[in-house]
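Below is the structure I would like to discuss, written out as structure tokens.
We call the chains A, B, C, D and E, going by the order they appear; numbering starts again at 1 in every chain.
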Amino acid sequence: MENILSILVFFPAVAGLLGFVVTKESIRAYGIAVTLVVFLLTLWLWFSFDMNNPGIQFVEMIPLIPDFGISYYLGADGISLFIIVMTALMTLIGMASMGETKNIKNMIISLLFLEMTMIGVFVALDAIIFYLFWELSLVPMLYIIGAWGGPLRVYASIKFFLYTFTGSLLMLVGMLFMAYIYHNLTGVWSFAVTDWYALVLPVDYQIWLFAAFFIGFAIKVPMFPFHTWIPYAHGQAPTIGSVILAAILLKMGTYGFVRFSLPLFPDASVMAITPIAVLSLIMVVYTAMIAYAQKDMKQVIAYSSVSHMGIIMLGLFAMNAEGLGGSIFQMLSHGIVSGALFMLVGMIYDRRHTKLLSEFGGLASVMPKFAIIFGVMLMASVGLPLTIGFVGEFLVLLGFYKVSPMITIIAGTSIILGAVYMLRVMKLAFFGPLNNEANQKLKDLNARETWSLVPLVAIVIWLGVYPKPVLEPINNSVNALLAFMDEKAITKEAKDMIHVSNSFESGRPTLSIAGGK
Amino acid sequence: MLEPINVSLESLNLITLAPMLIAIAGGLIILTIDLINKKLDKTLYVMLTLLILFINFGAVLGLNVNERGFFDVMLIDGISIVSQLMIIGGSMIFIPLALTSKRFHEFAYPEFFALFLFMIAGFQFMAASDNLILIFVGLETASLALYTLIALHNRANSYEAAVKYFTMGAMAAGFFAMGSAVLYALTGSIELYKIAEIMATRMSETGLMIAIFGSSILLLVAFGFKLSLFPFHTWAPDVYEGASAPLAGYMSVVPKVAAFVVSIRIFGMYIDLGLEWVRWTILILAVITMTLANVMALVQDDVKRMLAYSSISHAGFIMAALALDTTEGNTAIFLYYALFMFTNLGAFAMLWISRHKVRRFHKRYDHPFEKFAGLIQIMPMGAVIMAIFMLSLAGVPPFSVFWGKIYVMQAAVNAGYIWLAVIMGLNSAVAAYYYLKLVVYMFLKDPVKSVDIVYYNISKPLMVIIGFATVATVTAILYIQPLVSYLYYMISASGY
Amino acid sequence: MFENFITSLMTVEGFAFYLFSFLTIGLFSVTVMSKNILYSMTSLAAAMVLVSGFFFLLGADFLGVIQIIVYVGAVIALYAFAMMFFDATRDIKEKNTNSFVVFLLGGMSALVLVLMFAAPIHSNDIQALYPMTEGVGNAQDVGMVLFTKYLVPFEVAAVMLLVAMIAGIILAGKKMNHSITENMEIDNDAKDEIMIQKDKE
Amino acid sequence: MIGLSHYLIVSAIIFSIGLIGVLRRRNLLMLFFATEIMLNAVNIAFAAISHYYNDLTGQMFAFFIIAIAASEVAVGLGILIVLYKKHGSLDLDDLASMRG
Amino acid sequence: MENLVYIALFAPFAGSLFASLFGMKEREIFVGVVASILIFISFLASALLAANLYMTGEVIHVRMMDWIAVGDFNVGFGFVVDHISVTMMSVVTLVSTVVHIYAIGYMDHDRSFNRFFSYLSAFVFSMMILVMSDNFLGLFIGWEGVGVCSWLLVGFWYHKEDKPKEENPSISPSWAANEAFIMNRIADLGMLIGIFILYWNTGSLRYDEVFAQLPYLSETVLAGAAIALFIGAMGKSAQFPLHTWLTDAMEGPTPVSALIHAATMVTAGVFLVVRSNPLYAMPEVSGVSMFIASLGTFVAFYAASMALVERDLKRIIAYSTLSQLGYMFAAAGLGAYWIALFHLAAHAFFKALLFLGGGNVMHAMNDELDLFKMGNLKKEMRATWLYMGFASIALAGLPPLAGFWSKDAIIETAFNEQTYILWFMLVVTAGMTAFYSFRQVFLSFHGEDRHTPLGFHPHEMYTFALVAMFPLAVLALITGWFMSAYKVFIYHIGESVQYEMSEHTHHLAIYLGLLVIFIVLASIAYAYMKYARTGDKAWKRDEAKEQGFFYKLLKNQYYVPKFYEEFITKPYSMISEKFWTGVDLKIVDATVDNIAKFFYTTGDKTRSMQTGNLSNYLNWMAVGGVILLAVAAVSAIFM
């Protein structure tokens, strides 16, 4: 199956189309079956992935519009591989755990289309195809938020759509300009990212292009001043919407940085370290504080997402394998953990139809299973070692320490502030006496809910204890990326920066000793 | 004494006239049939028209590139072929929209179809000539027919629309004539290629620049009116609102294609002469047009009117491509319209099938947003199709207009106008809001009144047309490549 | 400048030109300014006749004749009929607000156009494409060109006139009095609409 | 001597008068008059240029402009008639049901 | 031997998993029993390893598997059994075993009995990782692990309500648990930074490799790493100013306090410093070490002073723990790492004993902890009285009990290092320690019977629990006797732990010891005079004194918690709220919305341009045309 990626992309879409035929009663089973197949396919992808090859694999390339230089160009490397797997997993689990009953058919079909676009984004190697899936992903999400959301759903969904749309249009201009430069230098039109990689751009071009791509990605991430759509989107979205949004859609932004910004504009990326670090710091600290002030459980997690994305952003610009690899790992970890947290909040919402913290208290007494799983996810969220959350966060901070100890120390407060707001939620919702009468008869998780969460708990712990199967391919690809950036960088400052952030400081000349061998 | 003139039939190259003659003959045939038998109904005429257009289309396809005919009055170059094909294609999509399940006034007239064919002939003449006289006559033929077609919808709004369009059109005609006069005064010729030649020799003369600029502005007023460029766009929303929905959709594409061909010829000439001033004037107007129309579309309460503003905005978008005056820019114009045509006509057709004779939802509007509220619950298929058209118009890939958009933007970038591409991008973002508004109404709101049916005017032929438009919109990615290479070939072959 | 004016007045051509100019400008002004539609139309007709004077002056005899026939004979007649139809002989109440802006615009356009035309637009290098033949009547000359080079526009103009005729006939025709578009009774399925759309509540 | 410019300037002035009429008039019929004036002005210009270049093309143009003007009148009046039947007025100010 | 390592490590984990299987079920005694047995197995394994190490001197390194490997960073799960870790392992597992058994009795009536054991065993597992790891990151796993388990255990009675601070200084178990966790997190950040520094400068996190690199490192790096790691230690070991959580953590069940907040987790900080002794022994970081010693001494004194006036039985013990931790840091900071470690072990035994005794009292008094409501309990609780008295003697530092040997060595060290101020303070603190220990013993077990009038009917603890405490009592007695043997044992580690008194001190040692003993005895006597007597001379509360400045200062813990409340917690809440409502909603979000609104209102305004009036449209067109013409004319003229 050389064309596994195409199958992955189009299978959900075709299934979505066929889903129109399936009746309302059977659609949920249909959706779960389809996403399960997709997930199995992604697992197959993983197992047939050559772990030692840092390059792009499963490449498919069909010229689509040669005159524009647009081709149907797919491929996956160690960086995208696991995001794809996670996409399939979270869609599957999200769908399995879904409590919605209204218009379920439309929901399932939208989700299937959404899955197509998400996988598409992560496998696309042609800028236009990437953009295509990127934009297309907004549509089902708009529908999901807007049709099944809370009272402000329309506002939230439009805000989500327009905000991202605006940013990505500027990114599109950047892409077009990039293609133009490519054409100028080579005489050939191409939007293939791998072709673009070969370009060595002058620094001022790099800066402008970086800025254009930055806007698109930063809004999606969402980075600090552009983050205000996310509390609305999360606050209003139905559970499944939040899960997908937090787990996968946000990763599109960070993935974009890895796929485009870093390798294409190494010098500009190095220059951007400080500004981005500052923005990330604001994200980390400021949104963590805002999360603390929230009254709505879901908003806490929404803001915490932003805070965690700050950490991811920081890692991306650490310019060393530790930071970058950690950052990519953190994307997975955040996807799973925040997804699970949103699912948990959704489950309590299904029971009580409120997410206000003040309505709860003492839930641990009536819903122990729920409390335990929430606790595990909470601990993963605050980065407890041996949970998935630690590995990424630790590596990011470790990596960035080399770039700037001061910034790392401030960013490191995320482990404190994260604990502060998460424990507040835990305390307010789960601890204390069970005072609210409405809560006294709450049922603990049912089988469907439990079994959709247990795999996540298992992953949280498995990858916390033994992240190697995931980290290894990421590491290979990240090392290749860094070597590539180093080679491509034209300014001395950038080269120095990459060198410095990848070397040890001591008088010891070699790096032969690597801990624990 | 005048010498008798000997002209060989071959040198006239009569074949270049064939397409228009077919259309005119078709119109006459329809009139004749009507004279013979008064009882025939619109289905016959629609199909006849379609067949005539079909022959016309074939005739255009059979033309060779870069030929002149009939004392060089006719100019069959790449863009004239391409634009004629688009004009006919658009018309072929339009005309079956007459076959609604309800009856509307204009389609009861066989003359409607005759006028329609004459109008197409007029557009074809506009496109297939660089002689200002023929352009003018063709333009007026088409325009006069169009005014009538609008008025024939026969209700207060359509008269108002027709009057507004007509009056402003008359003024624009005055400006066109004046502009031509100035060009004639400058060059002693009214054939554009000649004008360009002579103008080039006179560029260095002192004191002439005012006349050259002036002529460009006079012509710009005339074509700015046709292309609904700010500040000559004011007719557009009202006329679109007053006209029947399919005609409004038609107006936003076909007449503009014809007008763009002429504009490319005229303003391309100015810019080629090195008059950056003209380029900047057009660019600025284009930018204002797209922005202003977008902003105004935001606040509309009626879908049709919103689409009218959006059409203005799209026209501004394309006008900017024109100002680039590169082969890519010119290709972009046609590509954009080719893609826009399916989507926009589809969207208007969707409005058309939802047309009720009574205004149940709003005193003034036929298609207020409320009408479409909760459509997904009432008619899911219709809602999805409409949403696809809206998203396409908003420039969401992979739907057709997106490809036009990136081609235009790429053309802008390639010409070094990155700021223009950025403005286009931002405008698309603003535009997304109002397209989204309809999507939001359809998908995210509950029906205002418990209406069982919105698409009341639907019929099989309309379904076919809409289906076709939908398929063309969705599968654009598959045919872009041949389309672009064909267009690019044709346009570069004609030297633009 | 003024001397120039005086000397040119001395010639027949010059005199005629100035006479026609002042008269047409004056009459057209009356057309534009008059509140009475009758005055307006009469002065328009008169001015158009005078315009044909320019044509004769410029040697475009055929054009002059056409001008008189078409404008005065056809157009003005049409207007006259229309005027009677509209019963518009009475004074028309017009709210001519913003007249300052109007005149400013008019003035400005006049100024710019005059500036344009005052430029040395006339070039002696220009070779006439269809020069007037010496010793041949203008009508013949025009005919020659019209039926060779401009045969196609001519035919298109014929179509245009046909369009105008059809348009005029059907628009003014009786069939327009009842609008099918708005009238539901004409529609066979009118009932459906009412039935189908009945509110559920 | 009367030069080309003289004619052109007259033409320009008449054109502006027409323009003023178009802007000023609220009665549609009168407004149509004004458009006729504009076209007539152009005709003068064409005839004059034609004369001074000794070229027939200008006359051709003028000829077609006359034809166009005539057609416009026919169509315009047709529209006016239906409008009048419906509205009972030709005043522009009564004709603003579509706005915004 | 490797298997023993794994058994020692994973037996508690197995216990935890086993218990968690029954976590949501009704109380099952066997859960506690199984967990205890598994911990005991772990203890046996640890003891065997210790014995083996003692016999063969062979340090065992085990690498279980890879963990994180990215770029040059490669850390696995590796464990080392050397003299330091084996000491800790033995102490931890031993105390844990006792506490487990004890808890079967103590938690008898709790409906979450099973859950308790799963937490408790998980804690032991984490602690074992902490002590056994052969690299800093592994230590950090355990470090955080014990933090979480402590959070779970402190907040074990999560359903208790929040009380105002005046009523209950720790507010509620869940509050105290969160406080402990967050405080520790602050310190953990420091520790992480230390790890980063070490990694980027040595390329590794394994102890042996890191320490091998130390000589090549610059002073700033060394000092930075030392400071950062010590910040981590400060949190775990509740050193000032991160100490407030420890007393609040007394909200947890008493076995938890015994195990976590006395014997094991809180000593992790000391362990870290001892573990990193090559780093702290570097001459470049002597300043840091001195600071550690000074801070330790200060905390010893500071905590002891607060204990003087405390009424809450458990809090007094908590303060004493704090104080003893101060001693340990003083020793470690002065370079006497092995003495610190030795005191750690000895302290673990008697302090656990003390806590368990306190637990007995609590059990008897229906969770009432106010000393002023007790008195003369020895008549109902003889065994407990004996245990507590014994432990208090050990704590006070009277020979021949363990406390004497180890504490005296620390005081001697301070003298030996010629840091006489420290020495003096430590001596004073020793006296205070004796006073408050016995104040507590006398107030609860001696004197007037104040509890019967209040309606308490104390009863002795289960016998098996009392039996289980016996090993601790024994150890509290005998540990000190093995000090020189231990010295020999631990000297194998390397030069940096070796610490000998100088000749001069050696001579004076006996007098110094006697001085301390004298002070301690005097303090005990004073306490007896004040609190233990009955009848007329029985102790009465002195309200006036309780209003005194010093009393209130001490009672309110020097107002440190209040300071945190007022200057950190509340402002944090306030700023957060402001950030949200004031900045995020009103500025950041509003800007975005306003941009959108701007377009919308522009649309609304320009809409009026479309008047519907044809005349206007014509005007627009003409205006446009004429202006463009004018612009054309102007630009043509100027070109």
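Assume a residue touches a chain if its C-beta (ideal position, glycine included) is under 8 Å from a C-beta of that chain, and two chains touch if they have at least 3 such contacts.
These numbers come from a predicted model, not from an experiment.
Counted as hops between touching chains, the shortest connection from subunit B to subunit C is 1. Considering every other chain in turn, the ones in contact with both subunit A and subunit C prove to be B, E.
The most central chain, judged by the distance from its Cα centroid to the centroid of all protein Cα atoms shown, is A. Most remote chain with respect to subunit D, judged by CA-atom centres, is E.
By count of C-beta pairs in contact, A-E exceeds the other of the chain pairs B-D and A-E. Work out the mean CA point of subunit B and of subunit E, and you get 78 Å between them.
Inter-chain spacing, taken between the CA centroids of subunit A and subunit B, is 44 Å. Rounded to whole angstrom, the centroid-to-centroid distance between subunit C and subunit D, based on C-alpha atoms, equals 4 Å.
Look at where the CA atoms of subunit C average out and do the same for subunit E: the two points lie 99 Å apart. Looking at subunit E, one finds that residues 596, 607, 610, 612, 614, 618-619, 622-623, 625, 629, 632-633 touch two or more other chains. Residue positions of subunit B with contacts to 2 or more other chains are 133, 137, 140, 144, 147-148, 151, 154, 163-164, 167, 171, 178, 185, 188-189, 210, 214, 237-238, 299, 433.
Chain contacts: subunit C has residues 102, 105, 109, 112-113, 115-117, 121-122, 126, 128-129, 141, 149-150, 153, 157, 160, 163-164, 167, 170-171, 176 touching two or more partner chains. Contacts between chains, counted with the stated touch criterion, involve the pairs A-B, A-E, B-C, B-D, B-E, C-D, C-E, D-E.
If you check the complex, the residues on subunit D that touch subunit C are 1-21, 23-27, 29-30, 32-34, 36-37, 40, 43-45, 47-48, 50-57, 59-60, 62-64, 66-75, 77-82, 84-85, 90-91, 93. Interface residues of subunit E facing subunit A in the complex, by the touch rule stated above, are 23-24, 63, 65-76, 78, 134-135, 137, 140-141, 144-145, 148, 155, 158-162, 172, 174-175, 178, 181-182, 185-186, 188-189, 192-193, 195-197, 199-206, 209, 213, 216-217, 221, 572-573, 575-577, 579-581, 583-584, 588-589, 591-592, 596.
Considering their complex, residues 132-133, 136-137, 140, 144, 147-148, 151, 154, 156-157, 159-164, 166-167, 170-171, 173-174, 177-178, 180-181, 184-185, 188-190, 237-238, 241-242, 299-300, 305, 364 of subunit B touch subunit D. By the touch criterion given at the top, residues 8, 11, 13-14, 17, 21, 24-25, 28-29, 31-32, 37, 40-41, 44, 47-48, 51, 54-55, 58-60, 62-63, 66-67, 70-71, 74-75, 78-79, 82-83, 85-86, 88, 92-96, 99, 102-103, 105-107, 109-110, 113-114, 116-118, 121-122, 126, 128-132, 138, 141-142, 145-146, 149-150, 153, 157, 160-161, 163-165, 167-172, 176-177 of subunit C touch subunit D in their complex. Residues of subunit E that touch subunit D in their complex: 607-608, 610-615, 618-619, 622.
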